[in-house]
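Labels for the chains are A, B, C and D, by order of writing; each one numbers its residues from 1.
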Amino acid sequence: MILTLLQIIFFLEVLMFLTAVFMHLVHKNSSLILLYQLQSLIVIIFVFSSAIKISSILLIFVAILMFIVKVIIAPYFFNNKLIKNNQFKFSSSTYLNAPLTLLVIAALTGLVYSHYFKSLTILVKDVDNLFLALATILISIFLLINRKGVLSQMVGILSLENAIVSFAFFSGLEVTPNMQIGIIFDLLIWIIIVSILATMINEKFGTLDSTVMNNLREE
Amino acid sequence: MAIIIWIIQLILVPILSPLFLGVIRKIKAHFQNRVGASIFKPYRDLWKLFHKDEVISEDASWIFRFTPYLIFTITIVLGASIPLFSNLFSNNLLSDFLTVVYLVALSTFFLALAGIDVGSAFGGFGSSREMTLAALTEGGFIFSLLALSFLAHSTNLFSITKTISNFSLFDFMPIILVFISFMIVMLCETAHFPFDNPATHLELTMVHEAMILEYSGKRLALIEWAAANKFLIFLSLGANMFFPWGLTAQADIWSIVLALVVFSVKILILTTFVAILESSIAKFRFFRLPDLLFTAFVLSAMAILLIL
Amino acid sequence: MFNLISTQFSFFLALLLLAIGAIGSLIFAKKDWLANLWGNGLAILASVSGLVAAVKVLFFGESFTYVINSTLPNLSFSFMVDKLSAFFIFIISLIALLASIYGLSYVKHFYKKYNLGVLGFFYNIFLAGMLFVVSAHNGFFFLIVWEVMSLASYFLVIFENKEKNNIKAGSLYFIMTHVGTAFIMLAFLLLYKTIGSLDFNVIKENIGHMSLLSKNLVFIFSLIGFGIKAGIIPFHIWLPSAHPAAPTHVSALMSGVMIKTGIYMFIRLFVEILSGTELWWGVLILIIGIFSSLLGVLYALTEHDIKRLLAFHSIENIGIILLGVGSAMIFLSLNLKTMATLSLVAALFHTLNHATFKALLFMGAGSVISQTHTRNIEEYGGLIKFMPQTAFYFLIGSLAISALPPFNGFFSEWLTFQTIFNGIQISDIFIKSIFILAAGGLAFTGGLAAACFVKAFGATFLARPRNEKVLQTKESSFSMRFGMGVLAFTTLILGIFAGVVSKIILGVVNNLNGFQQISGIFSGQGKTFELSNGFAIVSTPMIFLILLVVLFLVYWIVKILTNKRKVKIGCTWDCGTKLEPRMEITATGFARSIIMIFKGVLKPSKKFEVEYQDADMRYFTKSRNIKLEIADIYQVYFYQPLYNLVISFSSYVKRIQNGILNAYVAYIFLILLILLLTFSF
Amino acid sequence: MYKLYSKIFSTPKTVIPVNTLFGDENVEIIGKKLQKKIQKLFNGSLAIREIDTGSTNACEHELTALGNAYYDIERFGISFVASPRHADMLMVTGPVSRNMREALIKTYEATPDPKIIVAVGDDAIDGGIFRDSYAVLDGVDKVIPVDFKIPGDPPSPKTILCYLLKILEAIEEKNK
């Protein structure tokens, strides 16, 4: 049962979709970061496979770079920088309780698979990969909305970025190296800034819960 | 021959105007059962004023000294460029009716400035009233002449008289409307009843007189003469534009003399009309005058609608 | 040497000089006199080369187009200087030249107080902006340059930032121009959507297949947009507060030339680009013209701040120009091409005239203000004895603006009258009554303008000084008088040789794309100007000559007749009472009778306050004052309700900002979903 | 309007003093001589400006009576004018009261030459019944140079006409 390349990719895409779903459900932030690492690993495999397809060495080098940034540096920052030495009391409270979030996720995926989006089929033939990628995008945005904790919102944005890259990969847009480098570089800067931001919020407000900032609104 | 007509045209208005002023005063005197001064008294007034010294206030600037000459010049130029007794020169360059209107406005502008210049309360008041009335008459003045120029398809006064003179009596209806509005405008511009009493001594009621309270000697003579000229110009406009018969086209002696006689008869009729009007109605309150002037404007606007 | 340099070279030289002037004056901002000299000097040089370019295009017909396409998709820096824009470049450079000469010494009284480098910088950018606006030929580039011009003029308006109402005026001006620019953008976007390109030539070619609805929409938007800049009646509220706030040589430029860019775009857009004009367009512009001219002059009469008075007169003259443009559009829609050409010539001639005499009047007002340090006419009086030459030039300016014969205002108003008389002879009863209203409006405007300028000139310059500040005034310096002198001379020259100038403007109008083969509207062999249908003939040089000759004759005859008579200098006769300055007529007193006549429109209000010595005894009053005011109906009935509406709507919308971060992300998510759904249909 | 005209034209002209009717020939003769005098001196037009310096208004009534239909000095070329600038002759009535003194001087200076100053009525000549009172300056000649005086308190219009003639004869001798 040799699995053809397509089936492997489809399987990886399903895995990515599941990571996005589980991000909603998991409570501890460390597991959240773990899921993010898994997701970025999948995306790196996609980029790697497209590199082999168009056989550009530069793209392979970019994939390695992505691997370093996403799988090593980002979690390193999150884990020991934020969680360990600042002893953040993470609250993974969400606006909607678990069943409701699952209901919304189901609705979103249902929406993606509904007839509204059949016009996407003109793009590429293996359409279900595409739908899955689109669903992961919508779900990771929903993660941002649902979670109150600042850290989980950060992870939400990172997973959104991964989902967009995968969507681009599946929709047949060739993954050019310099674009990827741009994204990676941007991601790196973003992570640094966000971590500084998180520490400052923590010092100022004591908690990382974004609801505390409601009273910043000027009257 | 044309030169003689040209000379007569040039000097006719300044020569005759004091006479008709005297005639008006005589008729008004008779209405008041008085004998009244002889009709040549205005000439003597001018002669006497030319031979008197002048007292000019130290607040007056060069405008006060220069205005009488300018106003007198404008009346002379106007006198030469409107149809009096002959419509021989149709291509006269100055006799476009808008030029006439705006030359009159120029003389009013400078007279008002001279009124303000000496800084007396009466001069300022006189100028303010004069400019208000002048602003409101301009609409009626332009529209009445405009109605005639639409009838004659040309704005040149001489050609208007030519075309209207061979009009049949039937389409005279709009012209009567225009004549009424022109009479109102004429009464207002030449400061006669019901707009302003020329013989008043009460400074507060004066409009035209108030501005020339400060003038004396030769400057006063010039201004009085210019006012008389302006009166005659408006009378001749009224007479020749609306009843243009009797204007000669030939250039021989007899037809000129005949035309002059017809001209003075027409002007006499109009002066008697003005004198009768002055003796029979009272002067209107100042804020009732705008309604009268707007009626003049509306009358001629309706006439235009009728004509075209 | 003249035809050595090509128009293109001299035009871009002008722009280059302005750029150098701008940057230079910033560099030399430390030393006041150097910044002033540099800023104005370079502006003078630039306007000279601008004049050269304009004259070459107007006389030798070497119009040029020059395109630099840029990276952005439809932004191409395309210049097209045909005769129409050359005419406007001529006006801009002429007034800029004289305003800069005037500014050289007018700016001296800013020396210690304000930073002259900034003034020089924005002044040059403002001039460059205007030159660009009239030569830009690509919608996008036009919008950029329009914005540059508005911003530069905004900074010039708030230049004297010590007085707080300047800032208020500046912000009102800022908001109004940007509302206007928004409407212009809408119009251009609509054009772009239907025609696919923003270049004026492309738009001009295939205007045909634009639907009527979108053409009407473009007309309405650009009417509002350029109308705000031109200051037509409903949108004029910024003009009377912004123009006086700017330094005088800038407000002379703003009201003499900047509002004309609105007129330039009216003609460029309505007459040339949207060639198939509708009838109701012309009628609408004509009605706006009537209202602007009549209400402009009425509000000017109520003013006793000299610069606000002149600003209201700009609105009045814009109204008169719009009468010409409106009648041109009506004739175009009835395709009576010859009459349309005549009315366009009238409109353009009045634009030129208004630029000259308005700049002259502002300069006169400026030199009066720089001496007396106040803008209130009531505190002037008797200035003719202290500033004789400024008074003489102001008198020439007021004669020209009230359209009195020997000067240029007369001929352009005479021409506008001729176009309206042509309009009256059209058969359709509805249009004929509109034209009769226009003729009535123009007649009354002329009269009221004359009354207003007797008030302005009389109360400012004649009679006795009404406060002691006037006693210390002295004649303004040479370069100010030189600027005014040249402008006064141009008004006279334009007035006398009106026939020749109108032939040149006829060339400009024939250059427009719908008017190529129209000629023979009027024949002006230099001396006389005669309408070809024989309707009217006038010769302005003859009027001037005859007046002069007869005046000379009268003066000499009277001198000979009465040379024995002495002239004694006495004091003014006032029924023997002791005459103080307070007894002479003031500006408010002068205009009060007209305000009472038009009180329906102006709604004057009078408030008494009496203060008694002590509460119970009512006989002896300590002080009594009267407050005369004119209700600004636009503020009360049009802008205030609009303002309240906007405020209430925005406070309703404010509730969205509830402070919850996630809520904001949720909004983004919702919008994303909606967009995905809509575009997937 | 019609009633007004009919009344005007019905009243007989006789109101105007035809010499024979009342035998006032001296009025008429004086009138005729006066006219010739004025004709020669002021070329037929004499402008009079009347100044009331605190008079009892009696002289004013007489002077206004000069202008009515009976005496009608207009026909002899004499007219009253509004401003001293237009005037040739200043007729001053009333004993010059203290606060009218300055006004009288200003009017005197405002009148252009050649001018004639006439004091009408005894008050104007030497203060009349009000002489030596604290508020009065006893007569016009104390303030401005007076050329002629018309006595009478108040002088009747006829006497005023008669004196005007004497004044003009005196001027004639002076001019020769």
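One rule holds for everything that comes next: a contact is a pair of C-beta atoms (placed from the backbone, for glycine too) under 8 Å apart; a residue touches a chain by one contact, two chains touch by 3 or more.
What you see is a predicted model; the values in this text were computed from it and never measured.
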Next on the checklist: Can you identify which chains form the pair with the largest number of contacting C-beta pairs?
Outcome noted: B-C
Checklist outcome for this item: Here the gap between chain A and chain D, centre to centre from mean Cα coordinates and rounded to Å, is 116
Next on the checklist: Report the inter-centroid distance (CA atoms only) between chain B and chain D in whole Å.
Outcome noted: 33
Checklist outcome for this item: Averaging C-alpha coordinates per chain, one finds the centres of chain C and chain D separated by a number of Å equal to 60
Item to check | Averaged-CA centre spacing for the pair chain B and chain A, given as whole angstrom | outcome: 95
Item to check | Multi-chain contact sites of chain C, meaning residues that touch two or more partners | outcome: 566, 568, 570-571, 573, 575
Checklist entry - Residues of chain D that touch two or more other chains: which are they? => result 83, 85, 109-110, 112-113
Checklist outcome for this item: Each of the following residues of chain A touches two or more other chains, namely none
Checklist outcome for this item: Inter-chain touches occur between A-C, B-C, B-D, C-D
Item to check | Contact set on chain B toward chain C in their complex | outcome: 50-63, 69-70, 72-74, 76-77, 91, 93-94, 96, 98-99, 102-103, 105-106, 108-109, 112-113, 116-125, 127-129, 131-132, 134-139, 141-143, 146, 149-150, 153-156, 203, 213-214, 217-218, 222, 286-287, 290, 297, 301, 304-305, 308
Checklist entry - Tell me, which parts of chain C touch chain A in their complex? => result 657-662, 665-666, 668-669, 672-673, 676-677, 680
Checklist outcome for this item: Per the touch rule above, chain B residues touching chain D in the complex are 29, 31-38, 40-41, 44-45, 47-49, 51-55, 200-201, 203, 206, 209, 213-217, 220, 280
Checklist entry - In their shared complex, at which residues does chain D touch chain C? => result 83-85, 100, 102-104, 106-107, 109-110, 112-113
Item to check | Residues on chain D engaged by chain B in the complex (per definition of touch) | outcome: 1, 4-5, 8, 11, 13, 15-16, 42-45, 47, 68-69, 72, 74-75, 77, 79-83, 85-86, 88, 109-114
